[in-house]
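Scrolling down, you'll hit the structures one after another.
Below, chain A partners chain B and then partners chain C, in two separate complexes.
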Partner chain A sequence: MRSPGDFTDVAVVAFAQSDHQRTTDELSEVEMLMPVLHDVQRQTGLKAGDIGFTCSGSSDYLAGRAFSFTMALDGVGAWPPISESHVEMDGAWALYEAWVKILTGEVDTALVYAYGKSSPGSVRDVLTRQLDPYYVAPLWPDAVALAALQAQALIDAGDTDERALARVATRSRTAAESNPHAQLPGARPQGDYLVRPLRKGDCPPVGDGAAAVILAAGDRARELRERPAWIRGMDHRIEAHSLGVRDLTDSPSTRLAAERAGAFERPVDTAELHAPFTSQEVVLRKALRLDSDSTVDVNPSGGALAANPVMATGLIRIGEAAARIHRGTSERALAHATSGPCLQQNLVAVLEGDQR
Partner chain B sequence: MPEVLKAPLVVEFPFTRSLGPVQSAFLTGLRERTLLGVKTTDGRVLVPPVEYDPVTADEIRDLVEVGATGTVTTWAWNPEPRRGQPLATPFAWVLVRLDGADTALLHALDAPSPDAVRTGLRVRVRWAPERTGAITDIACFEPYEGPDSGEARDHSGDFANAVTGIIAPARLDYTYSPGRAQSAYLHALSENKTIGERCPSCRKVYVPPRGACPTCGVATDERVEVGPRGTVTTYCVVNIKAKNLDIEVPYVYAHIALDGADLALHGRIGGIPYDQVRMGLRVEPVWTEGGRYPDHYRPTGEPDADYDVYKELL
Partner chain C sequence: MSREPVAVTGIGQTKHVSARRDVSLAGLVREAASRALDDAELTWADIDAVVIGKAPDFFEGVMMPELYLADALGAVGKPLLRVHTAGSVGGSTALVAANLVAARVHSTVLTLAFEKQSESNAMWGLSLPIPFQQPLLAGAGGFFAPHIRAYMRRTGAPDTIGSLVAYKDRRNALKNPYAHLHEKDITLEKVQASPMLWDPVRYSETCPSSDGACAMILTDRAGATRSPRPPAWMHGGAMRSEPTLFAGKDFVSPQAGKDCAADVYRQAGITDPRRQIDAVEMYVPFSWYEPMWLENLGFAAEGEGWKLTESGVTELDGDLPVNPSGGVLSTNPIGASGMIRFAEAALQVRGQAGAHQVRGARTALGHAYGGGAQFFSMWLVGAEPPTT
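For the complex of A and B:
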């Protein structure tokens, strides 16, 4: 048992993700998920029974399958009963819960996974069901429409323009050429407007995928990974749900979460940002003080514009940042995850490798 | 590998939602062509109004009436309207700050083209001809050249026959595909066979197979035909007639462990009076012409199975 309140020694020790694809008709959720679970188990040598806590993030609405998250547990090996929890949110929030569980001292390892199968439904419409059911959801404003309102507000404020947004798309997908899991590697034309001012290229691909992470505390982490990615701080904050109350050109919740995670105490070298739309990267850079001449490597994985398995995309940001630390290509990285329309809720984690 | 199965799946539900006092006044107001806002603790006017202050979380109840005219604060041109959206022809999504309000309302703007829309455009409400007390009582906004209707005025929020709830229909369309293991199971059923899958680690055979062993957490890859005969491990007597089900009550619904399976499945027991069904009864499936699964299971006439044979499958 560890003493509660020891905030410094929990690390990401393993990360795996699927190849993200437009459709995976031949696979059920658990069939899609199992290879990534086995991958993180293989990386650490841990079996289901060795892991103290398991937490997952997913949404049954994506594929229209009630209780799909209980079926997904079959892939974990949940019998005899394991200590387990689920969030109807991106897996980054499942990771937050697992981190807190380790900080209590109750366990010293945790498995976190997330999956999203958007292909069976229409994710633009599915996401309308998370909106205010009284004043907004009855109008069925789809996810691209809401992001486009935010993009236009940014253009009106002089924060960006269509050419700058296109550069975000090109930079992200070019970076994804070195990401073997990406759905859209390589720059491509911006295409027509989906909802003006957002063009097809400003929007994330629709697809299916899964990811898993293993967390461990202190010496356990050092046993499991030569260079653990220590979580130095993590926080998440939410804004008012009514879009008309918010300043859509800014993200005070991201800024506050970053402050509380310690992101501004020392510079980071890498930032994995969960920005499904090009315009949202503009907002996040402003909130996180990552202006365009910053030397920080932003979304070297290609980010959500290259692969967006909804409910796993945020967890993948943390995993990608951690994997760079594992490989020794990053010393200190910021990972961000978002949830809700127009960056409504934001999570920031700061990860570091041991000094070399 | 057999063809992966696919089928349309519609998830549809009318959500019945009750309203708080502020929401009730706002939506009833829409029915009466009156637009209400609520004052926050610091005196700002929120439209649409909410029950609690978004900054302080205080309960807020001071209602005001605002204008049916306003100003676009941001917009987005929607060239291909989707099902359920306010207009069927291309339109602009807009956030509109109504005259007298400090915050903006999301809705649609009917405009001929994106060239006719800009931030700062003056607009007014176009009311729906039939109004019920819902956000859709505003049909949409339309461009309007006219004066600002000025400051918000106090309003009691009292109306005759206030709406206290809304029914919000929701429908999502999917194409369901059951995945590898369940596709194989369904294909086999169409040939009047039941298959399971064996766990390579613990050797258990799961029926129906879902692709993974929940004990070992590994893929079940070896396909095994089970049954057709099996044993009733436990059962219940159903006395309530289900809607849309043409079966006389009482009848027996049972867990049946098919021979070779390590997991019991469910089925109805027929061909025997309900009060003679017992644990250990040996049964076999009865298929009907064109049926996609056994209609029911009936006794085989074999001696009952010994309890020790199926006790692990209860």
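For the complex of A and C:
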């Protein structure tokens, strides 16, 4: 088997995302996605037919129809036919599948995209359909309520308090002022409790958006991007589903994925964490050894608290980390994605620029 | 670095039936996974990662059910991937799992696909509501029947071909203990007298709606040396997709299917599929798709596929047995149907197919398709490891 150091030849060479919005009633998913796909194609000069493999992430439960991803394929330009796959997961896992495909040596480029429109329904209720269908889902415990359970567990354990959570919210949305795609740029009042102890400000905005990434291997990556963001390691792990058997104040799956991705071998300067709730940043910092006094720039994009297009938010973390390496503002960055209630499933990628 | 060879050392299926009311979703997948582990004589601890696939989440009413199934799949603390590529998903899922081994990310991977269709009504689940689609279709049959008509018109195939396929597959299913439909008193006359559902597709020429799961253990060379039974070796695998609708699309013989087969044959060194492949498990949800895919996959020249069916070539004792397991026409837990094709192809080259074993099968093709005949996934497996 490969050790983390063996994964040195695949890079993120392009990233694009939509301007995330509360509603996009006038746009179909294909229409929301196409400008983003065209953006990464323009960045690299690649056309659909030049790309070795395509993989996407989305959810039928957001779209409200079966096989919703088949329509999105129309936006890709899959003619002549393309080598293509889809995960019913956040796009970060689509990127993982594409990365593995490149590692087999069969292809040297891949397009990854993800999209989600949360606006047509009540996403906090829709997400209850992810829960154990026999014992939990019938009770409809919504996503905010479950996150609040986790937040309360953290407070009870002495890991945080409401003022510290408010600081996470303020820091994230202040950072988002320099992110033109953010839905909630700029600090704002924490507002009323949504579900104690979480206030409105502790929760992510509900919105619609899309993102796309192009991966390339070796010299191909150097041709397509002056400073590729090399994926030094990537791993993902899942935990038990029942909240009752988990320690909600910790994230052993994140820690293990980070270890397997080589995240702890050397310090990173940037971390893009997929933490839709302020309290979840506390959990992730603990698992990733990012103390609140660390010098690591956490979520310079504003993170999921500034824009949370469900199914694309994790992919955007990888894209944002890569874009900082492209721009030369990061040397080594960690990107994290999550799925499931209370951080059940987690992915960690470590990206680096070439030494200068 | 070249690809690591991929071996199938464990296969497990549930007995497919119309409704498994005795098990939960977790119980269903656990049953197939446990049988695959038993076949490989491995334990849950030997599994590095799990790749699961199924068709639309609406079929069971659970969004991203792999989250809830993580415990049942023994995936806690491990990587768990969930694939969804429409009807081809069972095949695609196996290919994603195979890539984890081929890329040397993991040594031994459990891959599994399932559907518990009794939880909902698949036909209406597949009939998209306004505003997504005009209300013209009722289920997949309504979508595919016109394309079958186009095939008949194009080739001049006699009306009876579809019933021959159904009669063959339902008889083959009698030899497969896991098949859903066991119609012991099936006759050709009964097939031909069954009610017309979507002209020209009759009731007996249509796949059933099943509850079932299928699992495989995929492993590398080192894992294969520890296999208690002969492994099946992957010689080629590919996926191809094209849009649902576009001007010039050939629904009868989609380009994506041709390209996918060509890619698999290139990888496996197949130049004459009709001669070099001993058994085929292809995705035939409506009887007429057997002759259609025989042409699309290069087993017959364009317009000639029905002649292979008519002359008995695709019978279990024929020259090119197609769907010795009874196929999708006898068993259709939609999300698992593609993986069952891949697994049954592997069973053939392992010599483990029991009463529906094709004698001397050394090379077999597993095939799946989905969406509007737009998503394809295939693999070719052999009794010998690949030489390159």
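Quick note on the criterion: the second predicted complex is superposed on the first by the 350 of 356 C-alpha atoms of A that agree within 3 Å, B and C clash if a C-alpha of one lies under 4 Å from a C-alpha of the other, contacts with A are read in each partner's own complex, and residues count from 1 in each chain.
Simple rule for what comes next: a contact is a pair of C-beta atoms (placed from the backbone, for glycine too) under 8 Å apart; a residue touches a chain by one contact, two chains touch by 3 or more.
Just so you know, these numbers come straight off a predicted model, no measurement behind them.
Enquirer: Quick one: is A:V126 in contact with chain B, with chain C, with both, or with neither? Answer first, second, both or neither.
Expert: both
Enquirer: Applying the document's definition of touch, where does A:A240 land relative to chain B and chain C: first, second, both, or neither?
Expert: Touch partners of A:A240: chain B and chain C.
Enquirer: Could you look at A:E26 and tell me whether it touches chain B, chain C, both or neither (first, second, both, neither)?
Expert: Touch partner of A:E26: chain B, not chain C.
Enquirer: Considering only touches as defined above, state whether A:A48 meets chain B (first), chain C (second), both or neither.
Expert: first
Enquirer: Output check: A:D208 vs chain B and chain C. Expected answer is one of first, second, both, neither. What do you get?
Expert: A:D208 sits against neither chain B nor chain C.
Enquirer: So, does A:H86 touch the first partner chain B, the second partner chain C, both, or neither?
Expert: Touch partner of A:H86: chain C, not chain B.
Enquirer: Identify the partner contact of A:Y61: answer first if only chain B is touched, second if only chain C is, both if each is, neither if none is.
Expert: Touch partners of A:Y61: chain B and chain C.
Enquirer: Under the contact rule defined above, give the chain A residues that sit at the interface with chain B and also at the interface with chain C.
Expert: On chain A, the overlap between the chain B and chain C contacts is residues 61, 65, 71, 73-74, 78-80, 126, 129, 133-134, 137, 240, 242.
Enquirer: Give the list of chain B residues in touch with chain A in this complex.
Expert: Touching chain A: residues 1, 4, 6, 9, 11, 15, 17, 19, 23, 27, 46-48, 50, 54, 73-79, 82-86, 93-95, 97, 103-108, 114, 119, 134-136, 166, 168, 170, 172-183, 210-219 of chain B.
Enquirer: Report the residues of chain A in contact with chain B in the complex, numbered from low to high.
Expert: 25-31, 34, 37-38, 48, 61, 63-65, 71, 73-80, 120-122, 124-126, 129, 133-142, 145-146, 148-153, 156, 193, 195-198, 240, 242-245, 248
Enquirer: For the complex, give me every residue of chain C touching chain A.
Expert: 1-3, 24-25, 55-65, 67-71, 75-86, 92, 95-96, 99-100, 102-107, 125-126, 128-129, 132, 238-244, 246, 254-256, 259-260, 263, 371-372, 374-375
Enquirer: Across the complex, what residues on chain A touch chain C?
Expert: For chain A paired with chain C, touching residues are 1-2, 54, 59-61, 65-67, 69-71, 73-74, 78-89, 93, 96-97, 100-101, 103-106, 126-127, 129-134, 137, 235-242, 252-253, 256, 339-341, 344-345.
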